[in-house]
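After this come two complexes, each holding chain A, first together with chain B and then together with chain C.
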Partner chain A sequence: MILDRLRQSFALNPLTVKQWRRFRSIKRGYYSAVVLGAMIVLSCGAELLVNGRALIVYYEGELYFPTYGDIIPGSTFGLDYEYETNYRDLDAEFEEQDGDNWVLMPPVRYGPLENNLTPGYFPPYSPSFETGHYLGTDETGRDVLARLVYGFRIAFAFASLLLLCNYLIGIAIGSAMGFWGGVFDLAFQRLIEIWNMVPTLYVIMIVASIVIPNFWTLAAVMVALGWTAMTWNMRTSTYKEKTREYVLAARALGASNQRMIGSHVIPNTISVIVSFIPFSIATGIFLLTALDYLGFGLPPPTPSWGEMLSQGQKHIVTAPWIILSVAIAISIVLVMVNYIGEAVREAFDPKKFAYYQ
Partner chain B sequence: MTSYFIRRLLLIIPTFIGVTILVFTLTRLVPGGPIERMLSEAALAGADETATTSYDSQGGSTLSDAQLEDLKAYYGFDKPVVVSYFEWLGKVLVLDLGRSTRYSDPVWNTITDRLPVSIFYGVWALILTYGVCIPLGIYKAIRHKTAFDNLTSALVFAGYAIPNYVVALLLLTIFSANLEWFPLGGFVSDDFDELSGFEKIGDVSIHAVLPLIAYTLGGFAFYTILMKNSLMDNLAAEYVRTAVAKGMDFRRAIFGHAFRNSLIPIATGFGNNISLILTGSFLIETIFNIDGIGLLGFESLVERDYPVVMGILVVSSILFLIGNILSDICVALVDPRVKFGSGDAGQ
Partner chain C sequence: MNHPAKTIAVLATGAVLVSGCGSETNIYLTLGVPVEPYALPETAIELPPIEVLEGDGLPDVLPEDLVWVTNEDDPVFASPDAKRGGTFRTSILGFPLTLRRVGPDSNGSFAGFLRPNQFGPIALHPDTRRAIPALATHWAFGADGRSIYYRINPKARWSDGVPVTADDFVYAMQFMRSKEIVAPWYNNYYTERIRDLKRYDDQTYGVQGANPMPAGEMHANYGIGPQPRHFHVLNDDWVANTNWQIEPNTGPYQITKVRKGKYIEMTRKADWWGDELKYFKHRFNPDKIRVRVIRDPNVAFQYFLKGELDTQGLVLPQYWHDKARGEAFDNGYIAKYWFYNEQPEASGMYLNMADPILSDELVRFGIAHSMNFDRVITTVLRNDYDRLSTFQIGFGDYDNLDIRPREYDLERADEYFDAAGFETRGGDGIRINKDGERLSFQVTYGTPLHTDRLVVLQEEARKAGLELELDLKDGPGSFKKMLEKKHQIAWMGWAAGGLAPGYWQFFHSANANKPQTNNLTNHANPAMDELIMDYRTSTSLEDRIRLARILEQMVHDSGVVIPTFRVPYTRAGAWRWVKLPEWVAPRTVASVFSPFANTGGFSGGGLFWIDVDERERTLEAKSDGHSFGPTTIVDTTYRVDPAG
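Moving on, here comes the complex of A and B:
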């Protein structure tokens, strides 16, 4: 309903409306998009849902909102320490005191970096509703569910960043290659051919084993190796578009090259670009997770799916909940992303077959 | 046709030079190389920033001075770039890829030692993939939009979406760790040498089941959908309509006419299998602890055995190159319309 209203107020062009309708009619992809969209929105506010910090603390007539911002030392709430308050203990203590003070905790009461150790027992702890570790903990007592949620956010942010950079480079170089052709095209064609000859993941690992990787350098290395796919697609579709009459018409009207590419060719290749987005996201998540799994990815203690996979494999017999949780999470997310991709492609480029029997 | 092949083969040369330049550039990154020196100087300059992240996450051994000298001599760090490139290229052409710092064997021998295992998995994965995908694709094309078609589409897409190493880990958790139907990894059991002939086959097979599933599952979607779509394109073509209109039964129209033509796109990817066969997937080899080239590459990287790392990079890049050419030749063989240098836009 909201979407309907949005459409009215923005007055989308009829083709887009038609594509949107077609997309919605493909149930598998449409519901995946709804669920995944909700997951992304929720993960943006993950601090409010999965966190060791309380949402609201009511203490001596005053309200505190510790979720965002600086740490609040324990002494603020009458505890005998200066480091960050342990809100779970505070909650228990307030319960015990039975006074007016109260603590409102998020649904999952653990952060992704907290080690929660039970004296006398060695982690990993199995899933339990009593302790609030709904999916158990990993080998250092960190909550698996919390790490899953934050890992999802990081993986998605990373994949989106890769997508943005790869597409900017790809669209710029690719449309230039297709539009101008000639020596420029030929030179980049050979370059891309050579670039595609090397095993990407292996080269990223080599570079990551030598250069210290963090979020940004890792992204830079991956973009340096990953820009070719979109460039090639853009080249092909620009090549096709530039021979169409509307480009000729624009040229006859005296449009500059820039204008022809920017306002005519690229908008007409948008369907190609859009239909590649889900698959690029899937590739980004795949690459990051694989690197993390092998130990060449983001530095610890960043919550990451790949790191959880490798930990899970180590404890495959004693603590199967680690590997099962993360493997199932990855599978579900990537399957949804691919279903969306399949539906988008179908919506933009419906294949209608007729055959005779 | 002959001139097509000759021209295609001649095109290898510039690409080969390009690939070797790229790999050579990467060799400049290895320890003792100019890039590392630059980095360490930069690190010294900004010591405060990098001190906290001094990176040795794999616990990899730092190389001894003698090994560093070997690396320097092999890659020619002491000579001008152009000279050392051509010297290195000369060595690569006679398969002298340097000496492994870990095994102190020639790299080429280290790589070829692992070949049989990788080839075993590669060939079986190939047979399984084509053996399943072509019939499934045909059946799906005939039964387009039926429940069977939708269900198998959902399944193969799920198989495609889930990364092969996640599949491998899931299989390992369920069937090896919990149900204990299959071993936890390795190519053969420890007591392999004591087994009789039949038991040996059984032993290899039981170790191969899970890795092969993981290898092939991801490829199913691609080839099945490719087969289905191209067969449907052909079924919708005029010549099939003509054949059916003339009274040919549908079965013969499919297998006699449409099927042959719809194999063309499948042939396009055939050559690339060579690099898969030979280098495998190091993720899967790592997970199942299969002693193939993939695992060798990964272990060398962790142990910082750079001659082997670069050797594998050279070998797999060149294999990829050969694979592409094989694909082109396959396509030219099945599709007589292919002419070199035309129809560029459609690529």
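Moving on, here comes the complex of A and C:
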């Protein structure tokens, strides 16, 4: 039904419709896409679901919405401190006072950076419904579930950004190499071969010794060294496509190079590009996790799966919930991404849907 | 796309391969090329006589007014119940790259097995910290305040039976100064710090250092050990030729078996010359010490649990509390020891005064009051560590125990930050001053193992409106940044050692604001400079102690160092058959199960013994399931109450 409506409003290319149908018919890929899509959407609003800040506070006749924006110091709610309000304590206090004031907390009442420590009790604390740490805490008393959710958001954002930049550069250069060929192609091939030899990990270590690595510097380094892979695929696809009749026809009609590449060649190599996307996402997530695991990724205390893995490994006997949570989460996400990838490849398989058939 | 991931995987495999090449295969044999026996050059180079600079030099004739002293009055610290015999089995993470004591690659962890078996003229008593006889029976101090004379024990022998004479000390001086040993640090030390060494007769020699010091310090700094003159053939090939040679030594153990990549076995000398000495009696009891190569600490721990290693260090909270549990512990087959010792320690946050905001002492005090170390100790550190109260501690009388560290106190932090002009808080709760500068600092540190401590401090500091940005680098990378003085706050600990605390390298203005010095705070204060120089040149112990305490107070008052934690103990597990004296160990030991003399700079090791009968009984009980009841010994004799 949705599909029908879409078709009416956008008048989708019949081929795209076929590919979409085929994708939907591959059940595990399709459902993975639905679940992963839901996870991504939910994680965008993670602050509303998993947070130490309250959703709504009703205090002395006024409503407060602390989730986004500046901190609200404790003194606003009649507490005796100037730093950010501890809303869990506030909730407990209001309940005790039994007055009109109330606090509405998110389902998971801990942020990814909060150390919820009780002197005399030694973290990691085990999972407990009573404390609200549904997956327990890590070695500094931070909620594992909260760190998982925010870690997922960061990893996914990182992988998507990497994908976007790598593909933009890789496709542009790759198709130019394939289209013009000759000396241009040869020169870029050698350049890329040399560039490929730069050891990524060392570059990251060097960068980390000069500045504190953050999301953007890490992504910049990764893009600077990672765009080359896509060029090879695009180069070969373009070589293949540019000799086809429709390109010759366009040329005969006097189309510019830009038009021939942009409007004819690239749309016809889309199946190559699309089928690589899920695997690139998986690689991106894996990469950031690996770097964090080794300690060269995002600086602490950024929530990160890699950091949780290394912690989990350290406490594998004494606090198995850390490693179990993160290992299961990574496995599920990577398996789903791979299912989607398989389904996409299948759906776009040119053996079934090529223009020239 | 997956190129970077591949690089990481390849690097990881590479690391495994490199660390796996412990065993030496003969490259010629594997290549099928006939092996030519390496021709040992018979001739050694001629060593030049000891060069003495203008203004230095010992008298040609032994001065007659020397007061020869010895020390037979200090208490004995070994147990008369100790029994000889048995094999002590321990492990090491990697096979040594050489069996040499000096030269390239000789500073690995196996040096800890070689060097303590090479005795010097004197040793330091592990309780009183005073000199006790070792190779020398008597010593005397020269009138210039920087020379010592030693009289060698005529019974002292090298492991091959050759007597130790004054010539071996003269040779040591020439040897350590020679370029052939490829050891620049030693070359420099034996030229810059040791200025002259002279033989007076077979048993007597004198040594002169660069500057005057109190007696104990002089022994520690100038009391160099001998080298076996009859053994070394010093020439250009010395480093290669001696790499796997077993060099004669003067200590109780000598290497008797080497299986490359697997283990090294040392055997107790049956008629060791030192057995008769008062402070060496009943020590160094196991007949054999077998050092196995086990490349992973977790695997080594499993070997220990199985009873294939006799002892295991348990200093880390994770090991002591979590891993050292189970049947073997509950039934008392393995005993746990927690021994509070007196070892020098200096860990802290070093605030860089070259930073415009940190140059304000009010900010520094505010930061100190925003650090909730108590919270860290009572949670992540499991109440194991103590708060360190001063820049450095653990030097006995030198310690200034009157200083109390600044405690976590948000009100006082508020006052200090307000006074420093950081009166308002931004939207994120972090303070800002009139110029819009945020109260935010980078904390540079070098090990992921400390991240747990720092994130707790970070969260607690936010309450004071202070932001700490964590700058984790690899170990060498972080130290490089600190030495280049590019940090704001350095989080690190010094491997403190020696008999007395040092101040010149850490706080003198000569080391401030220049790279590659240990003055990480860029602290410069003329009044303090003067006291530091007085402290350095003073030869009176009382005076030095008084000055050290004043200096420590000045460091505290300046607020450039926020002392962090101290680990005031050593912990270990040992199978039931490894016995210790009732008093466990002297106060200065770094490890209670050290098989050799030196541990932590003092001669407090080698006190335990292996009870072979007890071993039989324990193994029997283990197979029968018989329990002795758990044994955990916590010795707090030398604990300094952190609360003052």
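Heads up, the rule we're going with is that the second predicted complex is superposed on the first by the 324 of 357 C-alpha atoms of A that agree within 3 Å, B and C clash if a C-alpha of one lies under 4 Å from a C-alpha of the other, contacts with A are read in each partner's own complex, and residues count from 1 in each chain.
The rule is short, and it goes like this: a residue touches a chain if its C-beta (ideal position, glycine included) is under 8 Å from a C-beta of that chain, and two chains touch if they have at least 3 such contacts.
Computed from a prediction, not measured in an experiment: that's the story for all the values here.
Enquirer: What is the contact status of A:Ala290 with respect to chain B (first) and chain C (second): first, second, both, or neither?
Expert: After superposition on chain A, A:Ala290 lies in contact with both partners, chain B and chain C.
Enquirer: Contacts for A:Thr76 in the overlay, against chain B (first) and chain C (second): which applies, first, second, both or neither?
Expert: In the superposition, A:Thr76 contacts neither chain B nor chain C.
Enquirer: Check whether A:Val317 is in contact with chain B, with chain C, with both or with neither, and answer first, second, both or neither.
Expert: both
Enquirer: After superposition on the shared chain, which partner residues are touched by A:Thr67: those of chain B (first), chain C (second), both, or neither?
Expert: The answer is neither, since A:Thr67 touches no partner chain.
Enquirer: Touching A:Ser126 in the superposition: chain B (first), chain C (second), both, neither?
Expert: Touch status of A:Ser126: no partner.
Enquirer: Regarding the shared-chain residue A:Asn268, is it in contact with chain B (first), chain C (second), both, or neither?
Expert: Neither: A:Asn268 stays clear of chain B and chain C.
Enquirer: Based on the superposed arrangement, let me know which partner A:Ile212 touches: chain B (first), chain C (second), both, or neither?
Expert: Both partners, chain B and chain C.
Enquirer: Now for A:Glu84: first (chain B), second (chain C), both, or neither, which partner does it touch?
Expert: second
Enquirer: What is the contact status of A:Ser160 with respect to chain B (first) and chain C (second): first, second, both, or neither?
Expert: Touch partners of A:Ser160: none, neither chain B nor chain C.
Enquirer: Give me the intersection of chain A's contacts with chain B and its contacts with chain C, in residue numbers.
Expert: In the superposed arrangement, which is not itself an observed complex, chain A uses residues 196, 199, 205, 209, 212, 286, 290, 294-295, 299-300, 317 for both chain B and chain C.
Enquirer: Using the touch definition from the top, list the residues of chain B that touch chain A in their complex.
Expert: Residues 14-15, 18-19, 22-23, 26, 29-31, 35-36, 39, 50, 53-55, 57-58, 60, 144, 154, 157-158, 160-163, 165-166, 169-170, 172-173, 176-178, 184, 229, 232-233, 235-236, 240-241, 244-245, 250, 279, 282-283, 286-287, 297-298, 301-302, 304, 309, 312-313, 316-317, 320-321, 324, 344-347 of chain B touch chain A in their complex.
Enquirer: So in the complex, the part of chain A that touches chain B is made up of which residues?
Expert: 28, 190-191, 193-199, 202-203, 205-207, 209-214, 236, 239-240, 282, 286, 289-290, 293-296, 299-300, 309, 312-313, 316-317, 320, 323-324, 327-328, 330-331, 334-335, 337-339, 342, 351, 353-357
Enquirer: Which residues of chain A touch chain C once you look at their complex with the stated criterion?
Expert: Those residues of chain A that touch chain C are 69-71, 73, 81-84, 113-115, 117-123, 139-142, 166, 196, 199-201, 205, 208-209, 212, 222, 225-226, 228-230, 276, 279-280, 283, 286-287, 290-291, 294-295, 299-301, 310, 314-315, 317-318.
Enquirer: Over in the complex, which chain C residues touch chain A? Could you list them?
Expert: Those residues of chain C that touch chain A are 1-5, 7-8, 11, 318, 321-323, 374-375, 378-380, 382-383, 410, 414, 425, 427-429, 442, 448, 451-452, 454-456, 458-460, 462-465, 469-474, 477, 480-481.
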